[in-house]
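So, here's a batch of structures to check.
Each of the next two complexes has chain A plus one more chain, namely chain B in the first and chain C in the second.
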Partner chain A sequence: MIHTDQQPEPYESQNEGAPDIQSHRDSTPDAAFAALLEDSAEELYEAAPCGYLSTLMDGTIAKINATLLDWLGLERDAVLGRMRFADLLTVGGKLYHETHFAPLLRMQGDISGIAMELRCANGDRMPVLVSSVVKYGESGEPLLIRTTLFDARDRRAYEEELLRGRKAAEEARRQAEADRARLQDALTVLQKSLLPDTLPTIPGVETAAHYHIASPDRLGGDFYDVFPLDGERFAFFLGDVCGKGPQAAAVTSLTRYTLRAAALHDADPASALATLNTVLHDRYTGSGDPRYCTAIFGILTPGASPGRLTIQLASGGHPPAVVLRADGTAAFLPTPGGLLVGVLPDAHFATAETVLTPGDTLLLYTDGLTEARTGADRTSLYGDEALLAFAADHAGKSTVDVIGALTDLLASFGDGLDDDTALLALGVPPLTAQP
Partner chain B sequence: MLKITARDAATGPVLEVSGDLDYRNATHLRERATATVLRPGQRLILDLSGLEFCDSSGISALIAAHHHATTLGANIALAAVPAPTLRILRLIGLDTIIPLHPDSDPTALA
Partner chain C sequence: MDIFRRNNVTVAGNPQGPTVVLAHGFGCDQNMWRLTVPALADAYRLVLFDYVGCGRSDLTAFSEERYASLEGYARDVVEVCEALDLRDATFVGHSVSSMVGVLAAETAPERIGSLVMVAPSPRYVDDEGYHGGFSAQDIDELLASLDSNYLGWSAAMAPVIMGHPDRPELGEELKNSFCATDPDMARVFARTTFLSDTRDDLGRVKVPTLVLECVQDVIAPREVGAFVHQAIPGSSLVTLDTTGHCPHLSAPEATNEAIRDFLAGLPR
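Moving on, here comes the complex of A and B:
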């Protein structure tokens, strides 16, 4: 307001056509300025927008302004010479005043911005920010303490709001973590329903399996199973559903139980895959979201003589099984031309047959293994040849050892293995291992 | 990145597919292919010479394109399939239902 008197209004000269407005604007600052000059120091003290307080060095209140009395709800006579500053505070504030505020003030001569609470006559508490300064005499002896108190109710409300916000955020985070844990539990249960808990015991046959989950949050699309067909034969399968997540898991579940049911009806491997093909094709064609899988389905038939195991299998678009022989060799059991399951209503599936003798193992795997990225820059694929060489290195070992070695191999891929991988090995124990 | 460019050849429409065909963008090819107008007897050619990567979602898109073409009485062929994808197509038997051509020049396919 003082400025407007000292500096001309920027549009004053342009506004000559509006003298009324101009004179009005000129008169207002003058009047306000005059009012300010008439404001006595006493009035300023009493009605200031903060509390004023002067005490003797022992805290006895010698002077207090009307604002503070109003906040406290006390009469001046009840305070002056009768109360100490600490008497105005809550119990906690009193304690803090005694142990920190007063000693620090005596030592430093001033203290500022300390948050305390006033205890009002009506029992309310009022948060304030307290600053004090000691007035010294000419010879340097402390004479009295001057204190100002600022209303911190709004500030306290703001802090409480912040605190409430933080509590709400923490609660939300806790809730989210609980939800996440519950979802994780559900995913684990679902994932487990896609795989057998344990492999059945098959007389004269050793089995082992491993499932590598690429991401605990994403249901995998790989599956395998081994189960009895009749008193003698067992069926097995292993496969990979295209895609990931809940939709893929639904296909995996459908696939697993379809193959199990199909095998009980007609155990011929190509027939089992044909049944699965029909189910997938009917279920997903025309859904706008066709789903396919690759799978190898096979049957184990114990031979007439012990230690001989005939394996008949069929493949629908699945990487070929590997046969590890007791003599330390390994070879693919080729199943070329078998079509991805679910693509066409009348699909062709490739079949193959082999006989395992003691020390031989049949290995089934999903392409997470052969498609794992290797090398320093993770650009080359592990590939079929490397798998075959690895298999040959472990040929003749027990299925548990073969799966163990492959599990270590998968672990060695680290980040290079970003897909789920299922491994299933079926073998005839080596003769040396027989009791 | 996946880039799909359409052009016309004497045999029918050609979609040039380049870049990565994976779960993030395979639906683009699926939508593009299944929206392609085909007359009976025409051949939809997917030119894969610029394809750098193809996962199972990409394979699903190729199958969707096959179904689209055969439903309309047309047919489909894949041209210039890169070796890694070719290996997968053979593994899953898709080469038995979709003709493959080594060349990406459509006039050579006629």
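Moving on, here comes the complex of A and C:
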């Protein structure tokens, strides 16, 4: 329990200071100052600019000042010994008093600045700020409660403004979070539409892919796909649209479906890229927002004998594919000189061909991988040579293992990997892995 | 789920004694029992806790859906009883907690063997032929009162109330912290409490029950005390000569004596 040193009751002390005031009056020339000093304790209590109230521990009002009676519109006789403090409050205030105010006052011995409303005789409600202290007897037993009430009408109006503002802000925040979640969902759906749900099963061929999204808030500009051309051959592509966000996603979508349609029409890799080039160039040149991409497009044809896979591909300005051989070596499949797709009306695309045998894997990737920033200060780039060395280390493994190792590598870059990265691997399973 | 942490469970008193669970009502937390604990500690093992959303409970465990009904609070009680594997305990509930105890005893009869209801009310809002003491508008006013002291709750206070061991500078007990509650959670508890109607549950109470009421209590008037006493078969009623809704604070000796007498009379 907290015991608070108390001022004497105003009534008890009203005569104590009188002689002093008397003696000052004659000697002080300032009449106003003298009048101030003459403000007796009783007058100070009764006419104070706040309400005063003393109650027994059960709340019965034993003393109340004129200011508070005036606020309430009540006569002193109707209050003293007849009403409890809680009777002066609105019903809501009564409940708050019983559930919060009274228990806290009992436990702490004092409580201050609690907002409540008085119920006035004329039916008005008057917001007040209430503070109370318990007066204890010599042996520590609680004797009475002293309470002051401050007029809080202006303050309450201001607080209500604040409260409204706070509620509005919270509502706006909830709304913003809901909007953000909805947008996130929409972006996820859109992003998924740019990539195949699953890669098709190709007899005698193992495929694996990984897509790293740099930021969940932004649509990525990388893309890949694998799809059947006819009963025998499959087409694949992987590329990178310049830029990010919705505009890039629109180009990605256009690119993906153009390449699919073009391949069905003419599966020659360079022709497919040429069709894409025409479409992008016509669509975006003169739009004030030129759009282009880099891409590798290829065809895979199973050989006459099992375990042989012929790859023909064309590249439009895209980093060269890597071939991982079963013997533990790795090399780029060079496609030099191919132009970006969509920049010029007539573009040249570089072509290349290779044959995969059991244990070999063709790896396509976007430059998010080779341009990942590495080193302690994140200033050097991962680079082609490191990629080739990494590929050699994993040559001979299954495509799933190769993609798994590269996925771990991407994760190891941490925040050095700040671009989207697409990986696609196609391989002939090693003989030992065949059932 | 660590129930002890979630409900800030405190075990005190005589470890060999019969177990008494002390449950706080709407408004404050287990500190409300500070004058009761010393009176029972010699002979009884005392279990105190804070409902989720109150006191130093884990506020992250709060769910508006769960605590929108008294059953949600009763689940807190049952889960605390289960975590301590209590058998045949006496549940002492203040205010709305006494009704929570009725529901918990119905759910887990093997765990709660007797009830002490301190200032109970099965329904606060008047109904045909029933005087609870409040109108629906009155309850709205209480919710508004909670809102007007909303500013008293500050984000700075939350870590103190929730007890952050990594911030010892906040370890000091803040003023009013026993009764400071996140306003959203307080509003849920207030609504659940004051709009509840558990009159039908009283007749199903099968355990020895003591009803404690105050001579003058705005929240649980005497006719409500009489209603509860009559509705619970075989219950006993003790009227405490004190005013207000918290006899365990305003008349601790008489309250403790009534509880002790009841506990002593229980078959062991």
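Heads up, the rule we're going with is that the second predicted complex is superposed on the first by the 297 of 435 C-alpha atoms of A that agree within 3 Å, B and C clash if a C-alpha of one lies under 4 Å from a C-alpha of the other, contacts with A are read in each partner's own complex, and residues count from 1 in each chain.
To be clear about the criterion, contacts are C-beta pairs under 8 Å (C-beta built on N, C-alpha and C of every residue); 3 or more make two chains touch, one makes a residue touch a chain.
Nothing here was measured: the structure is a model prediction, and the numbers come from that model.
Peer 1: Does chain A have more residues touched by chain B or by chain C?
Peer 2: C
Peer 1: Which partner does A:L431 reach: the first (chain B), the second (chain C), both, or neither?
Peer 2: So A:L431 meets neither chain B nor chain C here.
Peer 1: May I ask you to decide whether A:K94 touches chain B, chain C, both, or neither, giving the answer as first, second, both or neither?
Peer 2: second
Peer 1: With the two structures laid over each other on chain A, which partner does A:P103 touch: chain B (first), chain C (second), both, or neither?
Peer 2: It touches chain C, and chain B stays clear.
Peer 1: With the two complexes superposed on chain A, say which partner A:M116 touches: chain B (first), chain C (second), both, or neither.
Peer 2: second
Peer 1: So, does A:A86 touch the first partner chain B, the second partner chain C, both, or neither?
Peer 2: So A:A86 only meets chain C here.
Peer 1: Looking at the overlay, what does A:L162 touch: chain B (first), chain C (second), both, or neither?
Peer 2: Second partner only, chain C.
Peer 1: Mind working out whether A:G59 is in touch with chain B, chain C, both or neither, as first, second, both or neither?
Peer 2: Touch partner of A:G59: chain C, not chain B.
Peer 1: Across the complex, what residues on chain A touch chain B?
Peer 2: The touching residues are 242-244, 285, 290, 292, 294, 316-319, 336-340, 343-344, 347-348, 350, 381.
Peer 1: Taking the touch rule as given, give the residues of chain B at its contact with chain A in the complex, in rising order.
Peer 2: Result: residues 23, 56-57, 59-60, 63-64, 67, 84, 90-94, 96-97 of chain B touch chain A.
Peer 1: Any idea which chain A residues touch chain C in the complex?
Peer 2: Per the touch definition, chain A meets chain C at residues 57-59, 84, 86, 90-96, 98-100, 102-104, 106-108, 111-117, 127, 156, 159-160, 162-163, 166.
Peer 1: Which of the residues in chain C come into contact with chain A in the complex?
Peer 2: Touching chain A: residues 25-28, 31-32, 34, 95, 134, 138, 140-152, 175-176, 178-179, 194, 216-219, 242-246, 249-250 of chain C.
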